[in-house]
Amino acid sequence: MEINILTFGQITDITGKTSFIYSDINNTDSLIKELTKAFPELTSIKYSVAVNQQLVHVNTVLNDKDIVALLPPFSGG
Amino acid sequence: MEINILTFGQITDITGKTSFIYSDINNTDSLIKELTKAFPELTSIKYSVAVNQQLVHVNTVLNDKDIVALLPPFSGG
Amino acid sequence: MEKKKIKKVFVEGAISPEFVGESIAKHSTKKDIGAHSIFLGQVRNDVIDGKEVKAIDYTSYLEMAVEKFEEIREDTFGKFDLTCMHIYHSHGCVNTGEISLFVFTSSKHRSLAIEACTYIVNRIKSEVPVWGKEIFEDDSFQWKINN
Amino acid sequence: MEKKKIKKVFVEGAISPEFVGESIAKHSTKKDIGAHSIFLGQVRNDVIDGKEVKAIDYTSYLEMAVEKFEEIREDTFGKFDLTCMHIYHSHGCVNTGEISLFVFTSSKHRSLAIEACTYIVNRIKSEVPVWGKEIFEDDSFQWKINN
């Protein structure tokens, strides 16, 4: 099972890459925990999580090939 | 003593001219009375009165050379 | 007493889209602007009793209108922290599909520009002595009513 | 399932004032329009810790942004009786004084066009995954924050 992670804006400044893959992660809470272990600076920043382009606000089950995006505060316009 | 009357929009359609002069009229109420006598159709239309470009809402004393404008509802824009 | 510089508001006939574009372009040097709000009034082909409006002929009580526009300008600058404000209104004949009113406000932040623009448009519609005569295809007419 | 036609929102670099003028001109054939409301976002030369912003570099989560713009379009048409709606947002680098957002609504009457335009701008600012990187004169940067 593969989960695709996408990062944007200042999150990419922290992770150093715009996309990468995690295996064997079953839900968003576990994913965030793993990411925070890998990139401790993530705790210093506010961001939202989208699964397959939908914002999720609670722990969400992840399936193979799901796309999880880490979205810092929007600043378009 | 001369009072200059200016008319606009549908008021001009009634009076047939855009400006004319009245003599020996001392206040706006008397003026309106005279105008209504001359142009009875004026009673069928809503309009405001401006003395020297200022809207007046109560009977107002008129002086020589004052300009009184009869203003139908505005429809700019 | 110093004579105030009165901004020219009335333009003869329709306001062209190119003029709007050029007005916008002039603001690229004002780099503290973050937001522009623009309102354009366009002449509608309303159908009344089966007859279609083909144009509006605008007249005004010019001296009073100029004074009123100036008062609206000053009040708006007093109420809203704007960088720029421009108002143009047609005089004379404007065909359907053409633009007769152009209000343009600019400020650092969007809410001020938007609120000021709306404020100006509402005041123009209710306070400036301008009259629109709706001309039908058969050259009959009726006086426009603002709502 | 029919594939929806997605309107193209993103433009590469700045939105030119001429483009805005041309967009307005295209509406002269829609003679039931009485009011246009336009919002333009312009890049400001904010000074932060003594350094001046010279440009904003916009990036997005493109697939989600396109979907979000489409959702905003549909919601706006559902809420407001509009004749037309156009949204353009810059992608990539936009210099100070240049335009990065162009929202354009048209309707029979002014209040609908104005309210819809403001509604769209507010939703874009808060809901569309776009990020602005403010580039300073010395090529250092900071991420823009919307208020």
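Assorted remarks:
The letters A, B, C and D name the chains in turn, as written, and every chain counts its residues from 1.
Keep in mind that, in the parts below, a residue touches a chain if its C-beta (ideal position, glycine included) is under 8 Å from a C-beta of that chain, and two chains touch if they have at least 3 such contacts.
Computed from a predicted model, the values in this text were never measured in an experiment.
Across the assembly, the mean Cα position most removed from that of chain D is the one of B. In this assembly, the C-alpha centroid of chain A lies 73 Å from the C-alpha centroid of chain B. Centre to centre, using the average C-alpha position, chain B and chain D are separated by 49 Å. Look at where the CA atoms of chain B average out and do the same for chain C: the two points lie 27 Å apart. One simple way to say how far apart two chains are is to compare their mean CA positions; for chain C and chain D this gives 23 Å.
Multi-chain contact residues of chain B (touching two or more other chains): 77. Counting partner chains per residue, chain D shows two or more touched chains at residues 41, 110, 121. Pairwise chain contacts in this structure: A-D, B-C, C-D.
Residues of chain D touching chain C in their complex: 17-18, 20-22, 24-25, 27-45, 96-99, 106, 108-110, 114, 117-118, 121, 147. Here chain B touches chain C in the complex through residues 6, 8-10, 50, 53, 69, 71-77, going by the rule given at the top.
Contact residues of chain C toward chain B in the complex are 41, 58-61, 63-64, 67, 89, 100-101, 121, 124-133, 143-146.
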